[in-house]
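Heads up, there are several structures right after this.
Each of the next two complexes has chain A plus one more chain, namely chain B in the first and chain C in the second.
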Partner chain A sequence: MKATQPYSRRVVSRLLTIGQSNEFVLVLVIVVLCLLVGLAERNFWNLGTAFDIARNSLETVVFALAFLVVLLVGGIDVSFDAIGIFSGYTAAWIAVSGYYDSDIILAFVLAGLIGLGLGAVNAVIVDRLRLPVLIATLATRSVFVGVLLTYIGAFWYNFLPGQLGDFHYWQVIRVPVGRGSTSLHPLVIPVLVLAVVLWLVLSRTMFGRGLYAVGGDAEAARRAGFPVRRLVFMALCLAGLLAGLGGMVHVSLGGNADPYELVGSELTPIAAVVLGGASIFGGKGTVLGTVLGAVLISLINYSMVSLGVPAAWTQVIVGLFILIAIASQLMRGRRRARSLLAIPSGA
Partner chain B sequence: MPEALRLDSITKRFGGVEALRDVSFELRDGSVGCLVGENGSGKSTLIKIATGALSPDSGSITVAGHSYDRLSPREAISQGIDVIYQDLSLFPNLTVAENIALASHVREGRRVFDGRGSRRVASSLLEQLGVPVSPDDLVGNLGPAERQATAICRALSQEARLLFMDEPTASLTWREVERLFSIVREVRARGVAICFVSHKLDEVLDISDRVTVLRNGQVVAAGPCAEFDRGTLAQAMTGRSGWAERPPRPLEEALPALEVRELSLAGVFEHVSLDVRKGEVVGVAGLLGSGAAELVGVVFGCPPASTGEIRVAGRRRSIRSPIDAMRAGIGYVPNDRLRDGLFLRHSIATNIVSANIGAVSGFAGRLRRGMMRAHGVRAIESLHIAARSPDALAGELSGGNQQKVVLARWLLRRPALLVLNGPTIGVDVGAKEEIHNLLADLSKQGVSIMMASDDVPELVATCHRVFVLRKGRLVAQMTGSECTQEKLQAEMIA
Partner chain C sequence: MLNNGGRRSARVGAMWGHVRDAVRRQWPLLLCILILILVFSAAAPDTFPTLLNVQAISFQIPEVGLLSLGVMLTMVAAGIDLSVVAMADLSGLAAAQFLHAFGFTAGGPDSFEMTAVAVIIALAVGTACGTLNGLLIARVGVTPILATLATASVFSGAALVWTGGYSVVSLPGSLRALGSPIALGVPVPIIVFAVAVVGVAVLLNSTTLGFQIGLVGANSAASRFAGIRLTRVLVATYATSGLLAGLAGVMIIARSGSATPDYGQSYVLLAIVIVVLGGVDLAGGYGSVAGVTLATICLAVVQEGFITLHLSQFLYQVAQGLILAGVVGVRLIPSRDLRHRLHRAVAVTRLAAGEVEPADRDAPVPKSEPRRPGA
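Here is the complex of A and B:
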């Protein structure tokens, strides 16, 4: 490749690009927040905190990725929480009923498949009836929860059998901390792998680039030859699969299955996606940003607890962060628009 | 040089209507052709036949020596015939490289996106055409000329031999058009044929080797550009002759309708003083960024001035918002009528009365529908708006007719001063002439007119006086016959 600029200048301009990226700003915010909380609360700075925050982010990360995939094509899928609890609870219920021996991997596979099926229901409705995703999923989330409570069960399984029951105690890396020790939950690893795979799919495959293209301009995508309807269909199915897995993350990390949980808590993953820099109008957003957004939210929650701030305040602070994140994005956009206007073209 | 495309005696009917009758057209490799005609003259139909989107009822299509009765879209693409539509079909959220490469990736049925290869192809094309854009730039951050260049590179990356460009200059300023044309010359030098579809006459003559004029589905004139001038082209397109006569200049002692003293808008323009007399047509000339468009906006209170004084009919007025301006008897036609000037999803009648709701309101603010329609009908007749009825939606009209609806709205208020911002952007020649005639009539009736524009011939043809803004400052004033195209253009860019 022909170098059009000296190497050093390319490095500088690359660094500037990174510096302006939303992901970089998020990392900065996370680091600064850690430093500040650590100054006030000495016990904050240790590996145990990092492990706890990682574990606490998992559920939000998986649900947020489900939301992101549909958001990229410009759709707002509000059924992921319903799909999550439907899939997680049903997979646990099958185990409780004794149809399989509560193998944790099998439980995740089952929940994923159930989620995929429910995502396909969304996809068929959106595709056949040509409904906006928001409208279709507002309806289906209600139907999913109703079906779950009516036909599968409204019973709270406080204890789950076998691996499902003790999975939340599992540990991989054990590190001594102070008088005790701390450990990482093994689920962090598959979720990281999932995020990396999704990142590769979104950034390197034509399917992924197609989602961005549809979200950017659906008519232009059609003219470029992208199968627009099929891409939207597949995005909804993929979101269902991810939401199903997210539901199982919730159930397995909690060690119990409550069909009344999750629905109503859908705003946290949406907040993570928005903090991560995705555009609510589609076409913009990254896996890394979304993961960082989720981590930031659990960091806020965790540090508020360790600083002894009441839980209600945590919500206020998360809300403020979202406002600041969106306002700064908008201002950057406006400044750019103004600078385009101010510089006479051709100068 | 061989022919890139030849159409012989093409006829196409839709139902009983002949969209094209016995049309012949040719374009040689490495040349620039231009297809001109008013809206509805058959330009789009011709493009669709050349690109395989429609099949002709009779006639033949010759591409690279092969003759076809009709082309399929696939054949057209494999023969290298491509169209860049007015909206460009770009993805603002993706990079230049991705925009250039995605369509060919899809066509080749690839599953994995080749980021490095795309960037290589994009940067070599951009470099060959001399476009100062990085392949990693987001298209959403580019200016209009660079977006055009991206769309051209996309076509070239797919081995286009013949490129139709539909109204490529509609949204460009004069300066950006120059940049686009230098890119087009590079493309032509590669042996690629380009066909502009346009109704901006000066540009057509500037860039093209050959012009074909369509009117009512027939070729009414065709030949090398040297055989045409602005007047003959306009006449061929419209079937009428001549431009609007400039109305007689108002007397020196006519009362000033508008006086602007030391007006400034922070960061945009400074210390501008000018006046508009009763019945006078005053132009405010300036390129994008000069402050000309913003100046006329400030007179209407959007946005309000930072400092300075505005007097209307001798009285000092504080104009902080459009409402203030309307109370002072000012009407405003914005430059972006789709965004700022019209309610696209409402009827013509609703749009026309929207600035004058009081006049059509009855008891307790009840709208009198009959009266609204009557205003609509009257406007359609008096301004020759091509619409079925006053109930037609504003969004369904052509650019020229939309602009007439915006004008009709203000005429209903009988303003003493009408302020226009780029009054004929994206309007075809026929409608442009009608709008100019209308402005001349208003001027004769004593309405003062102030228009911002970067369309030099338009300013010269319609204005009594022209003020020129450059980089936010008033740099020149030209009156009547001393205002020529050359002088005006020189002042605008100097």
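Here is the complex of A and C:
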């Protein structure tokens, strides 16, 4: 039936699909918000703002992607912030102890590997003990934080050596703005690449499609021949890797390593994923939506500051945004259900 | 006892049944607490098993225990409440702001009646917040975990906005009395907690609403067909969780003498840990007040033990995680499976000892149902 549709109609229906997609709504919200804040605050509209928002959303993006990967298979991973600070702090600690010359790439590789290891711990516990992901990660997060603070260190490294210490000053593009100038942080590029690679993996590989299948219906996925247990195992490992990288993003952009940070701030990335349209039951969610959700939260934070609204309001507004996002998803879902009923059967 | 024939003995029998059931279900926790107390007492015989320490433990239990009871109720209804701490902070702050608005401070005037009104205000704020959660979940149809995640952000944001991020300090003595020991050295909070435990136990086990909460949690579609008004039950569940959070908020400001808008954010996950330790059915439908109480006591004993032994508080976090994984792991082994393994071990031993012929083996075990991965 699809092939017989005229081209124009197909274009219209494709456009309608895009218009109904969560990503489109998010872009719309971001644009409208930018316009509104721009009206109130003249200095808002410049490249510096965009660069700052991009930089501020990096950490949330990486952590949110870590959360997304596990959420896709229907698990709720609350250990990503613990893995993040464990990996980031440990990698920085090894550098401070002088085992390597604080090369920034090496630091990221190290943090990613540590994160991968901790993710594997989660995976083994979920796989062997057959615990739900939420419970297993609730347990491991306190173990990770406890081990970090007891055996690795509870010391706040205010200054980091070498590249780790000055990485947060790095810039890739420099643009004059007004009297001064503004610059884009180089870390934006690898994070973008990471997001694109993850998008390709999730949408174009058997592994990625398997994650969606398991989250949609584990039993159906098993009967379709997907190795469900192995996919869950790998999703948890991948989430650990991403969380480790996220921890290094946090440490390197801050220019210091504080083991008490991050833990307790897990709600922001979760909010980004939810705003991005992922289903909390798994099987639904996109990289693009997640990135846009993170950008939206970063934008809200930034515009609150530039409008002079007390930081306390940010929490209220982010909370309201989540509620509105979910409510609108529910309403769109209902409308679609109604329109499906309107189509005469057998057509 | 039975041939007394009275209603009373039947009721006593039912209560005895409850207790026996609780012991049968909660044996891993009871064992855990017992072992912990023995180990800590052996390690620090002079400092751990003391009255002072028992008192210290009983000060730690109520706040997080009340929050956990609320979370447990919502998990029985196959939901979750991530906003308990935010509700507690907001309620406590409301009470503190009320007292300050009428000029009641630590050094200033003090009135028992006004404190009572402040407590009622806190409870009302908590209940109102919980009702909002319930309406969002039951009426609008938002998933509990997301609804309460968002309202948690809204509530604690509202508390921050209210004071601009500052704490409200110097609360009057009549309020602080709620957080101090009374005669015989029993802390008031533990009495409040005990009353709440009994209240929630009665609600869950002996009222229509409690029965309906369990049914809704076990199978919401079936309960709807059975004529249960879903909206009403869910709103009541979340409102009760809010009420308990409001009570926890009062306990927090009474003990600390000040109301902080973002106090104890880490209690959210701790409360979930406790509820899970307490043996709630993660799919909904079953939860145990005894389990939650024992789990709260268990973690408090560990924490106090670590303090007594001068162990790192960070190590306590490790222990908390290990206990959670251990107890839940033991629970997840179905009892039939456990019994079967025991039988097989016995059979193998007897076989090895040459007591029986190899043909005399157990029948093949029915395979257990495939478990869903993920949360």
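What we mean here is this: the second predicted complex is superposed on the first by the 333 of 347 C-alpha atoms of A that agree within 3 Å, B and C clash if a C-alpha of one lies under 4 Å from a C-alpha of the other, contacts with A are read in each partner's own complex, and residues count from 1 in each chain.
One rule holds for everything that comes next: a contact is a pair of C-beta atoms (placed from the backbone, for glycine too) under 8 Å apart; a residue touches a chain by one contact, two chains touch by 3 or more.
Source: prediction; values computed, not measured.
Within the superposed three-chain model, A:172 lies out of touch with both chain B and chain C [touch as defined at top].
In the superposition on chain A, A:129 contacts chain C only, with no contact to chain B. Contacts of A:193 after superposition on the shared chain: neither chain B nor chain C is touched.
Legend: residue contacts after superposition of the two complexes on their common chain; A:209 is shown touching chain B, with no touch to chain C.
Of the two partner chains, chain B and chain C are each touched by A:219.
Put chain B and chain C next to each other and count what each touches on chain A; the higher total goes to C.
Look at A:283: by the touch rule set out above, it reaches chain B but stays clear of chain C. Within the superposed three-chain model, A:232 lies in touch with chain C and out of touch with chain B [touch as defined at top]. Comparing the two complexes, residues 215, 219 of chain A contact chain B in one case and chain C in the other. Those residues of chain A lying in contact with chain C across their complex are 73-76, 78, 125-126, 129-136, 138-143, 145-150, 154, 214-215, 218-219, 222, 228-229, 232, 264, 267, 270-271, 274, 280-282, 310-320, 322-323, 326-327, 330. Contact residues on chain C toward chain A in their complex (touch as defined above): 136, 140-143, 145-147, 149-154, 156-158, 160-161, 164-165, 261, 265-266, 269, 272-273, 276, 282, 312, 314-322, 324-325, 328-329, 332, 370-375.
Chain contact summary for the complex, chain A toward chain B: residues 1-2, 4, 17, 203-210, 212-213, 215-217, 219-221, 223-226, 279, 283-284, 336, 340-346. Residue ranges on chain B touching chain A, taken from their complex, read 85, 87-94, 98, 102-103, 105-107, 110-113, 115, 119-120, 123-124, 127, 136, 141, 143, 145, 173, 175-176, 178-179, 267, 287-290, 471.
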